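Heads up, there are several structures right after this.
Presented sequentially are two complexes of chain A, the first with chain B as partner and the second with chain C.
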Partner chain A sequence: MADVEYRHVDKIFEEGTKALEKFSLAVEDGEMMVLVGPSGCGKSTALRLLAGLEAVSNGELLIGGRLVNECSPQHRDIAMVFQNYALYPHMTVRRNLEFPLRMMKLSKSEIARRVEDAAHLLTLTDLLEKRPRQLSGGQRQRVAMGRAMVRQPQVFLMDEPLSNLDAKLRTQIRTEIIRLQKSSGVTTIYVTHDQVEAMTLGDRIAILNAGKLQQVGPPQELYDHPANTFVAVFLGNPGMNIFDATLNRDTGMLQLAAGAWQIPFEPLLARKPSLSEYMEGAMLAGLRPEMFSTSTSGAEVTVESVESLGHECLVYFTASCVVPGRDQKTQVARLPGPALYETGNSIQLSFDPERLHFFTADGDAIA
Partner chain B sequence: MRQPLLDSRNFTAAFMSAPALVGLLLFVAVPFLFAVALSFTNLRLGSPLPLEWMGFEQYRRIFSDPSFVRALLNNLVFVVVVVPLQTVLALVLALLLNRRFYGTTWFRTLFFMPVVFPLSLVAVVWVLIFAPGPNGMMNAFLDLVSLGSWTPRDFLHDPYFALPAIMLTSIWQGTGFQMVILLAGLQAVPAELYEAAAIDGAGRRQQFWHITLPQLRNTLIFVVLVTTILAFRLFDQVQIMTQGGPYDASTTVMFETVEAAFARQQVARGAAMTVILFLVVLLITWLQRRVARQEREVT
Partner chain C sequence: MTHRLFVPMIYLCLLLFGLLFISPIGFMLAGSLKPDARVLVEAGDWRAFWPAGVTLDNYRDVFARVDFARYLLNSLFINGMIVGAGLLVNSLAGYAFARLLWRGRELLFGLVLAVMIIPLEAIAVPLFYMVSLVGWRDTYLVQILPFIANAFSVYLFYTYFIGLPRELEEAARIDGAGVLRTYFSIILPNAKPVFATVAILTFLSQWGAFLWPLMVTSSETVRPLPLAIATFHSLPPLQWGDILAFGVMMVLPILVVFLLFQRWFVRGVAHTGIKG
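The block that comes next holds the complex of A and B.
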């Protein structure tokens, strides 16, 4: 078991694509770190660099304090679960599980013992003599996990290991992964594009976009205090609404969405004095969809579409009081109860101003 | 409910496949059946004797003919030596050319070129290479690498060197074909398997034994089968380079057949030889399919 550290790592591919830029991240010993971001953000590249499948262009990679830049994959003492599992198709499940152990030249009895243990832990015992193509997706996934576990490596790497499974199985195996990771205590780096997976799995989450690290922290902290609008919009389902916002000195009001909402800013300034620097300037405000409620005193908005989830519904709307000529951005509110709203109708929405997040025009959070 | 035999779909299928089927029937099946029939007669072109039914007499005669037995043996030796050598060489070349380096395409073309050349042309070129006397290219080369201790030979008229000379020519000519097929097989192996194996601690050699070879299995079976069949049909090089000599040292079944049927006009005898060749090839194909099927059952 070991900690992992990326120090100012760049990855530039031969054709010139910058996949990762000045990427620094420290993963603690025994921690479950989830790398998350949209496709093409560099998260898989970060994992492949650590595995040694790609070479680092600049910067340093450390596993357990040891510099591994020049170390080949087979000498890094890591195990990886691939998105498509990459099971050896010509070997039985048993041979697949044995393979890393045979490469380590362990004794026959030790190999047998470890394979039995892993098979028992992952309920693979009945499948040991089958070939990968005879297994279902979930079973293959478990074999891939088993092949990584028998090694007892310093670090587990998981590259979207659940993306080929159906939703129910995904939830089930997610729980399984958490249990296995906690009981083994092996440092794990888990890559996913799914923010729900990230929120539920990670001790900490690292969010990437366009090759750059956006924010690292425990899931709840990132959700509650996003460092920028990217993180704010990326986390949550749906993500945070972003409005343009101005503090109008004359009226003493915070104007949201071109004035759809007018809120006295005095109490906000009292809580967040730094806001006063942005008086009359361009600024962004964010609000989570679940913070809206219907009330007769709210701003009038036009319902664009409604998605009913049974116990709640998502109402997509545009704020009706929009300055002509500006693009009307669709926003979303998560409202409790069944959908009683119809497309094209007007409803009134309000919220607690305390729940607003503020960002600069460039998208960085205002402290 | 049974479908009518000639509904529109069946008709279309029959219509579409007719040209190929007719060709196959006309130029393969019918002539072969003729050959089988003829092999039981005494047909000889230009012979005044009446056509007679001889039963298995032709086969008995063929197998008591030392030239034919030698030819069959030569074919076997040829297969046993050339098929493994050529396959291993092709695999090595394919592995080398599967890497990315400057000029890969150029090398691939170069190694494949002999396949495109007509066999007769290749044979003529190699006759020149094997020219007797110290100025022959092969003799000069062997003289150079053995630091002068090589005695020049007339390879193509030497009972010990005639067949190996033909083998060398065949390997040179045939390797490119196998290489291309193996290369295609190599490129079909998912890169992910190598990555997984590397992470699992396998070095290059172990990756070759545990990933490359098992993944290439079916391609290798195919390549070996095709090369074996081609090896039994060995004729062009023999015809041009050695005429089967000296003293049958390099004769082959195909060469004996052509000699019998067209040089000596013993059509019935030639027909019987082709039937034997057919049975040998059939046996090999059957064996290969058995091996391949076993693998399919366990996967």
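The block that comes next holds the complex of A and C.
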């Protein structure tokens, strides 16, 4: 087991693409760290750098306190699970599991013991003599996990290992991964673009966008206290609503969404004095969809569409606001119960102002 | 109605073309099995393809008149060496071009591609001069060495390797395998079709090699079959049945090689996008 550290790491590809910029992240020993972000954000590059499959352009990479920038993959004591599993097609499951152990030049008895243990743990015993093409997606995934586990490495790297599985199997294997990671206690870095996977798997989550680390912390903390609007909108399904917001000194009101909601700002200032710096200036306010409720005293909005999820529904509505640089005109409220709302009708929505998040016009959270 | 006729018509056309292409081999096989006197007499009608009164006399004649076994062994040895060593050298080169990062890779690969268009005839004389200088004339080596490295084979391997999932190699590297180990344990077993394709193409192109062996060899002990059949043809008396029997025995190894690797060859051709 070992801790992992990225220190001011840059990755610039030959053609000039900047995949990572001043990326710093410390992963603690035994921790499950999830790197999450949209496609092309640099999360897979960060993982491949650590694996030694790509070379670092600038900065330092440490595994267990040892600088590994110049180390070849086999000398980093890591194991990786690939998105498409990368099982060796010409080998049986047993040979696939044995391969890394043969490379380590372990004794035959030790190899057999480790393979049997991994096969037992992952319920692969009956499949040991089959070839990868004879296995289902879930079984292949388990073999890929097994091949990583038998090495007993210091660090597990997982590059979107569930993205080729159907939704049900994904949930099932997610639970399995958590169980295996906790029981083995091996430091794990897990890359995904799926924020649900990130929220459920990670001890901590690191969110990346355009090659830059946006925020790192425990899932709930990121959800409750996003560092910027990117994190706020990225986490949550659907993400946070972002409105334009103005503190009107004359009326003493916080105006949200071009005045759709008017809220006395004194109590907010008492809670967050730094807001006063933005008096009359441009800023943004965020609100999670589940914080809305219907109320006769709420602001009237027009329902644009409704998605029923059975026990609750997502009501999309247009609030007449223009957030600079964002296409956020359509907002969403998550309301309990079956969908009783119809497109084109008006409903009145209100919320607890305490639940509002505030951001600068550039999108950074106001402390 | 038109559609119902269309498919049988296609089959009929294919059958006719098939027969057309196979007819020289049929003529050769039938001619080799009939008495020498009838070969030319029956050449003008359907009996050219029908060996009534089968005899193996022509085959016996070939063995009696020349040391056929020696020539056959020479050809098998020379071609076997070219194919075997060629597979190793060209596949490793193709792999290095497709997957390894090194300075000057693009430039050198461009040069390799450029070399493909230079025919042997263009370099035969300077090459002859070079091998004469080092004293290699009239040896096996001179017939093998210049043909091991082959730009077209390198290109075929390159095209195949570039299409293999990169993750396989990355997984092997992380599992602790070095470049050569990855190549032999992971890449090679997953590239059988291209190996079969290159093996067959090399064998086909080298089996009939004539000009170069004619230039660099003079003794029977190292000469291959194509030179032998040329000599045999000019050996009096002119017996067509014997010549056809010689031809059948010369074609046989190619057919065997093709049939052995046919399954992979078709897959390899489909994958590398070459025309046979």
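Things to note:
Rule of thumb we're sticking to: the second predicted complex is superposed on the first by the 358 of 367 C-alpha atoms of A that agree within 3 Å, B and C clash if a C-alpha of one lies under 4 Å from a C-alpha of the other, contacts with A are read in each partner's own complex, and residues count from 1 in each chain.
The rule is short, and it goes like this: contacts are C-beta pairs under 8 Å (C-beta built on N, C-alpha and C of every residue); 3 or more make two chains touch, one makes a residue touch a chain.
Since we're looking at a predicted model, the values are computed, not measured.
When both complexes are superposed on chain A, chain B and chain C occupy overlapping space and clash.
With both structures placed on the common chain, the touch criterion links A:Q74 to chain B and to chain C. By the touch criterion defined above, A:R131 reaches chain B but does not reach chain C.
Contacts of A:L122 after superposition: neither chain B nor chain C is touched. Residue contacts after overlaying the shared chain place A:H90 against chain B and chain C alike. Looking at the shared chain after the overlay, A:A2 reaches neither chain B nor chain C.
Judged by the touch definition given at the top, the superposed model places A:M199 against neither chain B nor chain C. Applying the stated touch rule to the two superposed structures, the overlap between the chain B and chain C interfaces on chain A comprises residues 51-53, 72-74, 78-80, 82, 84, 86-90, 99-100, 103-104, 147, 151.
Residues 165, 167-168, 170-178, 181, 185-186, 189-190 of chain C are the ones that touch chain A when the two sit in their complex. Contact residues on chain B toward chain A in their complex (touch as defined above): 190, 192-193, 195-203, 206, 210-211, 214-215, 217, 298-299. The residues of chain A lying in touch with chain B in their complex are 51-53, 72-74, 76, 78-80, 82, 84, 86-91, 99-100, 103-104, 131, 133, 147, 151. Those residues of chain A that touch chain C in the shared complex are 51-53, 72-74, 78-80, 82-84, 86-90, 99-100, 103-104, 147, 151.
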